[in-house]
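These are the structures in question, set out in turn.
Below, subunit A partners subunit B and then partners subunit C, in two separate complexes.
== the complex of A and B ==
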């Protein structure tokens, strides 16, 4: 024991996590990066050095360019809306009332929903003939098979699914704001909106930051909804970047395209994450 | 009307409105439950039909006939339950190191861990499959759990929680001669019930919900999860299958909702409650 052990101790607690990340994140990632510079056959066996050829091929594929825009559209449509709606719900649920535990549970319930179950429910709701959405709106829109609406429809599903998760975290954060602080600003005569902006938002900003990172990471790599609902169509309008990678790896056995598009997706994620990190420096207050 | 009754009335209306908003939010779930009790002609009608004419279990019977949903559920519970438990342990240990210790390379190691968040799981899917296969873990529970045993988001979440802890508790317990591991297990973990519940539930739900990985590493029908079972129903063609699909969907929903409602109280206690209050 003694001092030496004391110095080593924190590393000891980190070891399991670091070993795990090495095997299932870093090693496969490095291997994917390296593979993207080589020519691979349908079995994934290296046939020769490719340099940047794979990247050039992927970036000149109109479908991949389209998938970049589709992914960005999806991120922009889905991420902020789900956080804003959840924040409003969390502010509503913050005040404890006799029934608050009931609507807290209801507000967070979408978190319990699985992608495939949700996709299946919305598939029926989006159905152009028997779907409840067209019936209620009295429209005849083919939500999932019209390239104008397909991505919007998928984003709506994503927003709905993420509300519960975001709500749960924001509510916990808002409940964590010390009562004394809220009371003292009541004495100062702050209105409800001022209280939200000046006291609650700064104090819950670590949570908001966590949710922004989480949403970006989740939404940029989204592939489940197109796999289950649209197969990337119609006219490629719901082909996200990861769906493009998935299709090339598992359907076309084209690992060259798959690895290159995977790395490009990774770079996009990186840019978005760096943006939210810079946001952290400006707006996040730790207590 | 006195000020007190007025206040009560306002609170009542507020609660009513909040519940109404909630029901609107979960309309898709309620509608799915309703559909699961409808006969095919009721589902296929062109009129707006929100409630079934009568409660009948035919769709549930059909769903259970087409797949072995019970077995799938046991598999999903094992997969999600055990993986989430391991996650809580690994994540809280790492977060403990990051939040309470000063050591060389701390920032670097933290950024290294955080960088795994930027490595999309799907990007490394193929290589991970090869790793698991080379370890002979395909068609095993361990193989199914392999990629779910830790998420850096959980470490981040717990670290954020620990950072809001007053350092005084830690230092006081150290002065009292409490070892680090003892502080972790006897003081920190009991005080972090809300965040543990949050990590466990969010992990359980997200793992329960995964489709691609469990499908990739299992060929044995006995090891399939509910998500795969659901898609098997989906592949059966014809619109008359809508009823059984919704019945299966409702049956898959029940366990998660169950877990969720049980743990709800621990979460709403607030991520910061139970910390230093004087």
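== the complex of A and C ==
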């Protein structure tokens, strides 16, 4: 009895998570993959086999091609900047003082803001006539309604929202760097920049790697900001891949395009994650 | 002991997870319990049952409209509800209730459908396909438990929710597109009355626009022409204009748009080109409510549902008025389409609940509910008798912007409606993009052809898999 239980015990612990994953991740994923090869009507009823037709139609839709570039642009604009700014803030906040808790709270506060509230605040700030951004910059830019600036504007919101989350992780990682190592660097005459580059960054690389992976996955599937602020416009410039999927599934009841675009987005995310993991072998130090 | 604790912990986790999976069953049980818990209060011959009949009402109202709705439902529970022994529980279900119903329908989870649901008119063709839908058309034909006669509902509001010649929902929260104008700026520019046609609007824009060098300080007009705006301009042309085949999708699936072949789109673009040429037209809405409220635009074209918002922003301090949407030609008589939502009911196999839902559905379209809700939210009443009552006439006399909205809707031809075009989101994007391009210099013919061809292409895609 004891031996049998010993073998079963780990599976027993895994069971609750497995049930959730099966119901909410694995089953919908497999269903989406299978459905993407069929023609479905507006009620989701299968009308016939489509083969690769859905994929061909989606991949020849100029808006979807545009959405791939938009998504990549968003990832490039949002992911690194949010990590770099958070890293700078974490380095600045590294030294524990009596007021540490105040600015640590301020820096991490952005993660407590809901996306919809943040989006509405930025909408007013971005207004070309009454917004504070144009007033401060002395410009007349139509941030959300000019296709040249719209994606940049959305990524700026994303950067602001993600700084808090990244900051907390990086601060914890930097404070975990042994003091004796930093002191020996000082004795050896290393500059501040050299200490960051040669000692701190390698030691916090697992955390940075986690943040990069997290940020990539989150930003590739971003759809909230276009839904709230731009509805994919102007001229499709903020249509991301998931927004394209959302619009087809829920606005147009075109599940054929929606399923195919969801799978293509999954594959793209997978490729980006694999590229990130190749970086792990070269640049991440676990010891 | 340690092993025993491990087993206990694992079993506890498993139990919790299983309980989580069974959540929906528990909630439906509690809902049933709640339904039978209310004791009968008023002894009346009208009671449906010895115990109160509890029904669910899904809605999508927010802010001040949600408060007005809650008040309306409370009034029902305290008056007609008590008389018939009905208790209604409203619940906010996000801004797109039709989407929630569709999700349930696809999962064939008919048991979780509400008894009563507020839906936007665009969702009617899909909802009409659900076996559970109880159409007011059939209920009126049966003639039982009529508390609001069909004749009391304005014809155009009823037609908004009519599909395949059958009334599928009763109108509830309705609106009309309007021209908002700043009276002070009009006075300064020497304009006495709001423009009635686009040509008159062009003159007004020229007079109202204030420039500082090349920079516009006050725009004459702000409106972003999307599907909603365009269909209203085109729908009212002549006597009326269906915009698509099969009466704009009301007598069958809309397979193509007719705005190209009947020349209505080109006629509109001819006029709109003059609006763009004024240089005082703001073609992109950034924060249209705020910009109009701050006097940065002298005229704006918006739904009447924004009246409450403008009043809230200005605290009633802005001297503004509303008028009917300017027509494309002076001889256009159609008016505008009724926008907004109606209420549908479902039969989930319980006759008592269906009857209760039917009574509540009618109540919402009745005089009292329409008065409470519309005066509290800014929506336009759809009950004919209410307009004849002294309380409504007093309210409209004291609320000039609402007066224009109500008149505009009452004067519109019932055939002027939003088409059931099924790919609404796509059509909205197409029109928005092309009209933006037009405002930025794209030629008229290209704009016309792109709008027509792209809409037809999207409709064809839909028809291919849904006909």
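Here is the rule we go by: the second predicted complex is superposed on the first by the 275 of 287 C-alpha atoms of A that agree within 3 Å, B and C clash if a C-alpha of one lies under 4 Å from a C-alpha of the other, contacts with A are read in each partner's own complex, and residues count from 1 in each chain.
Note that in this section a contact is a pair of C-beta atoms (placed from the backbone, for glycine too) under 8 Å apart; a residue touches a chain by one contact, two chains touch by 3 or more.
Computed from a prediction, not measured in an experiment: that's the story for all the values here.
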* To do: Once the structures are superposed on A, label A:210 by its partner contacts, choosing first (subunit B), second (subunit C), both or neither.
  => first
* Quick one: classify A:273 as touching subunit B (first), subunit C (second), both or neither. => first
* Check whether A:69 is in contact with subunit B, with subunit C, with both or with neither, and answer first, second, both or neither. => neither
* Asked: So, does A:44 touch the first partner subunit B, the second partner subunit C, both, or neither?
  -> both
* To do: Could you say whether A:23 touches subunit B, subunit C, both of them, or neither, answering first, second, both or neither?
  => both
* Identify the partner contact of A:220: answer first if only subunit B is touched, second if only subunit C is, both if each is, neither if none is. => first
* Using the touch definition from the top, say if A:122 reaches subunit B (first), subunit C (second), both or neither. => first
* Determine, for the superposed model, which of the two partners subunit B and subunit C contacts more residues of subunit A. => B
* Name the contact category of A:99: first (subunit B only), second (subunit C only), both, or neither. => first
* Asked: So, A:234: does it touch subunit B (first), subunit C (second), both, or neither?
  -> second
* **Footprint overlap on subunit A, where subunit B in one structure and subunit C in the other make contact** => 9, 13, 16, 20, 23, 44, 124, 129-130
* Asked: Mind pulling up the subunit A residues that touch subunit C in the complex?
  -> 2, 5, 9, 12-13, 15-16, 19-20, 23, 39-44, 47, 123-124, 126-130, 140, 142, 144-145, 231-236, 247, 250-254, 256
* Asked: Contact residues on subunit C for subunit A in the complex?
  -> 3, 6-7, 10-11, 13-14, 16-18, 20-21, 96, 99, 102, 105-106, 126, 129, 215, 284, 286-287, 290-291, 294, 296, 422-426, 429, 432-433, 436-437, 458, 461-462, 465-466
* Structure fact -> The answer for subunit A against subunit B in the complex is residues 7, 9-11, 13-14, 16-18, 20-21, 23-29, 31-32, 44, 89, 92-93, 97-118, 120-122, 124-125, 129-130, 132, 135-136, 160, 163, 165, 168-169, 171-173, 175-176, 206-207, 210, 213-214, 217, 220-221, 223-224, 227-228, 242, 245-246, 249, 255, 258, 262-263, 265-266, 269-270, 273, 286-287
* Structure fact -> The answer for subunit B against subunit A in the complex is residues 11, 14-15, 18-19, 21-23, 25-26, 28-29, 31-32, 35, 43-48, 50, 90-91, 93-94, 96-98, 101, 103, 106, 109, 112-113, 116-128, 131, 146-147, 149-150, 152-153, 155-157, 160, 163-164, 180, 194, 198, 201-202, 205, 208-209, 211-212, 226-227, 230-231, 234, 239, 242, 245-246, 249, 252-253, 256-257, 259-261, 264-265, 267-273
